[in-house]
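Look for subunit A in each of the two complexes below; its partner is subunit B in the first and subunit C in the second.
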Partner chain A sequence: MKGFRKFKKTLLPWLFMTPAFLILLVVLAIPIVWTCGLSFYDWSLLYTTEKTFVGFKKYAEILTSPIFWKSLKITMILTVACTFFEFIIGLALALLLNREIRARNIFRGLFLIPMMITPIVVGLQWRWLYDTEYGLINYFVGMIGFSRPNWLINKSWVLPSIIIAETWENCGYVILFLLAGLQSIPQSLYEAAQLDGASRLKRLLNITLPLLKPVILIVLIMRSVVSFRIFALIYTLTGGGPANATKNLAMLTYETGFSYWRIGQAAALAVFMMGVCMFMGIFYIKFIKIER
Partner chain B sequence: MTKGTVFLATLVLVSGILFCDLGVAATQELYAGGSEFAGETISYIGEDGPLYRYHVEKWIPIFEKRTGIKVNAEIVPAEQLDVKLVTEFLAETGAYNIFTWGPHQYGEFATKGWIEPLAKYFKEDLAPKGYGIEQFLPNIVNTIMCMNGEIYGLPISVDVKLLAYRTDLFSEAGLTPPETFSQEIRYARKLTNPPTYGVAIHGKQYDATVWVFYTFLWGCGGEIYDENWNPTFQQEPGVKALTAYCDLIEYGPPDILTYDFMKVESCFASGRAAMAHIWPGSCGSFVNPETSKVIGKWDAAQIPHWEGCVSHPGGGGTVYTISSQASPREKKAAFQLGAFLSSEEVDLDSVLAMKNASPCCAATFQNSRVKEMHLHFPAMFEALKTFRMPRSIAPQREINSVVVLAMQQAAIGEKSPRQALADAAKKVRKILEEAAVLK
Partner chain C sequence: MRAPGKRKKQFKVLFYSSMIILVIIFLFPILWTGLTSIKTRVDALSMPPVWIFGPTLKSYLQVFARGGFNTAYINSIIVGIGTTVLTVIAGSLAGYALTRFRFFGSHQMPFLILLTRMFPPLSLAFPLFFMFKEFGLLDTHIAVIISNCSLSLPFVVWLMWGYFQTLPTELDESALIDGCNRFQVLYKVVLPMSLPGLVAVSLFTFVGSWNAFFFPLILTRIHAKTLPVQIAGFVTSQEVLWGQVNAAAMVCLVPAVVFNLLAQKGIVKGLTMGSIK
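Presenting the complex of A and B:
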């Protein structure tokens, strides 16, 4: 009995977690380690099935490639802009939906719909919205008297177009998380602050945001990582064009690996992307100091 | 009625029955006697599309019944097909014996010995009676079936660039289909009257757009490489070709640089373009009342060319290719399936069933019913005489991407056509050196 109790206390929890660990090992850990390993090989499937160990040569190749730096710049612009707008708009909408407004539940449902649509469908849908002649956006732009931009061709407008579409698609995630966080904040704190004469802005800055920090951290990490690797939307909207103006690192990695079959180089790009995502996570954790 | 008339009528009737019987007997001869590989099981994978689904749903069961060969068939989206195949080939699973493939990609698989050269199977009498290379148009044999003189594919559809044009708009303007690029540009300018534009053509940054440039390049008398694989597309004919393309798209819809084949097709079908550079597969939507506003108002013609040159429309197609990792018996049984699916019987039937607008058999083009149903066939038949594909080489896809980038850079004014092509040629040279094609 004693032995069984000991087993129940120490080993049984691990036994229950083993299937999940195995799945994570197979679909996450092994592929990551394998990819890291591949990044040290010259393996171009176009010419040979043999791999040749080359050390850090593939990393040197990508770091000296002009298209890599261009793609990195595009990726960082998309990541920062999408994360910023998704957070700001998501926070604003979450604060609004946390109040007692009419048809609140209907609005909550409506704001969550975009995140349930397949990214490819979102891309196709926005392609039509951005259509220069028949798109809804240019219809309203024309109505208010401005000239109708060529959203997906003009280099000045193409990145903002992607940012708008991506933000529209993913705000729902931010709203969902922040709303859950907001609803866990005790109302008594707000009542007490109101009694003390604190304004709405002061309540937001001194109660809401500090107590939301853990949720904000998760939201920022999640959105940054996802925005860093936008693929489906760019693939359907522009294909990386015009003239590589929207080719981010995800598109570049996909092309390098699955169009040009340069597996070693694609693996190096993927490892680089993973490194940047990890760095972003660490940066956020240190920046948003959460007091235990 | 006299005795003579009755006798003559009877003779005609009996002859007719006999003739029909002969006709039915002729089609039934395809594996009517079964196959020596009865009992063998082979695996097939094809890309998702109306023609391949038709093969899987209608003709593979017929093949199985006639030959006794069991076929495990799988259909996957086109974008997943090559990744799936590469994975299986690398792992040497032998999972697929026969698959749909694009002949412009022979180089990727042939260099690694993954696909089977097929010439010997024609000699081993494995094909149905009456099947042979001679049933295909000669140019199809040289382009789609072969790489470096070796047969790797059994053709089922051929894509060749055609010019679709609005007969009503041309008639009103007193024009005939343009023969040269300068005519095409002039006509496009004349016929541009928003919301109708002069031309719809590929512009999006993706693989298929490269066919536009290659078609223009060959039509200007240029070549992609010389005989030693040195890039030559950046020379004067290439500059003319890219300049003509850039001039032409000025008369296209404003967002023409986002146009893939679907948008080109829908633009023309909806009546928004006076001309369009199309693939034959688009023609189905031009005659479909649900999708077309141009029924009875369009026709197809040859893609224009430069003055003094010849039109060489670019294109590709789809073939059935056999895995070299299959066992000898599987390969032979797979060849029988590929031969069956690329036979005249299946080719004609798939065209009549409106599942294939791009047949490969000469006899199909001569069929009168087919000519009535598919307006574009006369133009396509002519185009196939001078149709071309690039010489197949392993890194062709990467080279195509470089060329498409040059097209976009010139089209948006980032670089001049000459500079864009010169920069592209340097990158292509580097790719060819890495591939050990160029020293």
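Presenting the complex of A and C:
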């Protein structure tokens, strides 16, 4: 009887965990292992249904294909640029909103709206704004007297166009994190600095930024991971074009898998993406643990 | 003494008016979508753009008359509710266990769960596709609901874990003494007390599912298509009907923004990963 009770006590927590575990097993654990497994096979659904084990051949194929390296370069540009601009703009707006202003919560809420919108809708909105003939952006560009670029068709404009839309959509996350961080800095530090005659800039550089450092690291990693795997926005804005100029790794993987049905190769790409995200994720968890 | 006060007032007027201008510029893409959606076809495509025009709801009527749009709208609601119910039940149970019991891995698990949010949905796509194909579940609500859980459940566990930590364990103990078992404690004492948090988390989960694009894209064809997939299909045709696209965009974004704003207050702490004490 006593043994049974003890058994029940150790079992109880796991009973509570069971539904979540079962779901995560089906939708996360099994698929992850399965994807890794698929990446060792040569399996194309269009040409042959015969699955053959090829070891690391698919990885070798990827690493020797020029489109992968081009795609990786595009992904890196997008990741770095989006994270950078989201951070700079988000920091500026967070500092602005951290002042003693009236209706601060309303202003804050307004700046967070873009990040709440369906990403697919963000893509469509910007596609409409970027439209060469009828788009509002080109109307203003023409008004200032410049020639009107084909934002989403011209190879040199298309990446900046995506970066602008993505930054607009997501700088709200940076605001959210940094504003919460700013508000946890004790006001007395600023008062003391002010008494010592520290200028506004000095207070920012010597008090605000150092104290915000952990939050900044967390938000930078989070944004990097998300920018690394942008999909919906590119899907609606350009579909990866023109001439693969915006085909980042997510688009490449999607196309390899669901347009060409080369499952082995797509799985290898997916594993690569997963590896990069996990690598960044480990640092992310580490910083969160430090901060808590 | 009057001059500085006056200057301060001038500064204030300047500050708030520049803030308002900044907000208008920032939100302009949304305003423009809203304006385009209530313009006639001719007004929408006129250059220079018309700012004053007779508004019309024609684009909205056309969008809802389009084949499949109503179905997609209902599908999005069904999938949203399904995902929310499933994740909130599983998430509260797990969150409760993680805050009230010590067991193997109970300290590390929340962080491990947070790590799963880093997975690109793409790396789960092929197995999920084959799995649902095997069970004949492609193009069904269930497939989309279950897949959406991979994105939302870890986060709901994390949010509930954070939320339940703020509730004192003394209440649990007194309920246990009164003869409740652990499940009864959860749904008779803890959950009712967490109602504001539960509502916020539910709204947030619903919006997450509402906005989800990738899984519905690969798992649905006709019957279970959700709104984002349906709308994304609007622009692939040769001629883009911008009035309709913008009307559909409004129909999709308004619930997302409203629900999210309602949920904001309750979950900001969880959203920032508890990174701020």
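Observations, loosely collected:
As a convention for this text, the second predicted complex is superposed on the first by the 245 of 292 C-alpha atoms of A that agree within 3 Å, B and C clash if a C-alpha of one lies under 4 Å from a C-alpha of the other, contacts with A are read in each partner's own complex, and residues count from 1 in each chain.
The rule is simple: contacts are C-beta pairs under 8 Å (C-beta built on N, C-alpha and C of every residue); 3 or more make two chains touch, one makes a residue touch a chain.
This structure is a prediction, so every number in the text was calculated from the model and none was measured.
In the superposed model, A:Ala243 lies in contact with subunit B only, and not with subunit C. Of the two partner chains, subunit C is the only one touched by A:Ile282; subunit B is not.
Legend: residue contacts after superposition of the two complexes on their common chain; A:Ile164 is shown touching neither subunit B nor subunit C. When the shared chain is aligned, subunit B and subunit C each come close enough to touch A:Phe258. In the superposed model, A:Leu136 lies in contact with subunit C only, and not with subunit B.
Of the two partner chains placed by superposition, A:Ile74 touches none, neither subunit B nor subunit C.
After overlaying the two complexes on the shared chain, residue contacts for A:Tyr47 are found with subunit B alone; subunit C is out of touch.
Comparing subunit B with subunit C, the partner in contact with more residues of subunit A is C. Of the two partner chains placed by superposition, A:Ile230 touches none, neither subunit B nor subunit C. In the superposition on chain A, A:Arg127 contacts both subunit B and subunit C. Residues 127, 131, 133, 258 of subunit A contact both subunit B in one complex and subunit C in the other. Only residues 82-83, 86, 90, 107-108, 111-112, 194-195, 204-207, 253-255, 257-258, 394-395, 397-398, 401, 405, 408-409, 411-412, 414, 434-436 of subunit B touch subunit A when the two sit together in their complex. Put simply, subunit A touches subunit B in their complex at residues 44-49, 127, 130-133, 150-153, 155, 237-244, 255, 258-261.
For subunit A in complex with subunit C, the residues that touch the partner chain are 10, 12-14, 16-21, 23-24, 26-28, 30-32, 34-35, 38, 96, 101-102, 107, 109-114, 116-129, 131, 133-134, 136, 139, 168, 176-177, 180-181, 183-184, 214-215, 218, 225, 228-229, 231-232, 235-236, 250, 253-254, 257-258, 263, 266-267, 270-271, 273-274, 277-278, 280-282, 284-285, 288-289, 291-292.
Within the complex formed with subunit A, the residues of subunit C that make contact are 15-16, 19, 23, 26-27, 29-30, 32-33, 36, 44-45, 47-49, 86-87, 89-91, 93-94, 96-98, 101, 103, 106, 111, 114-116, 118-128, 130-131, 146-147, 149-150, 153-154, 157, 182, 207, 210-211, 213-214, 217-218, 227-228, 231-232, 234-235, 242, 245-246, 249, 252-253, 256-257, 260-261, 264, 268-269, 271-277.
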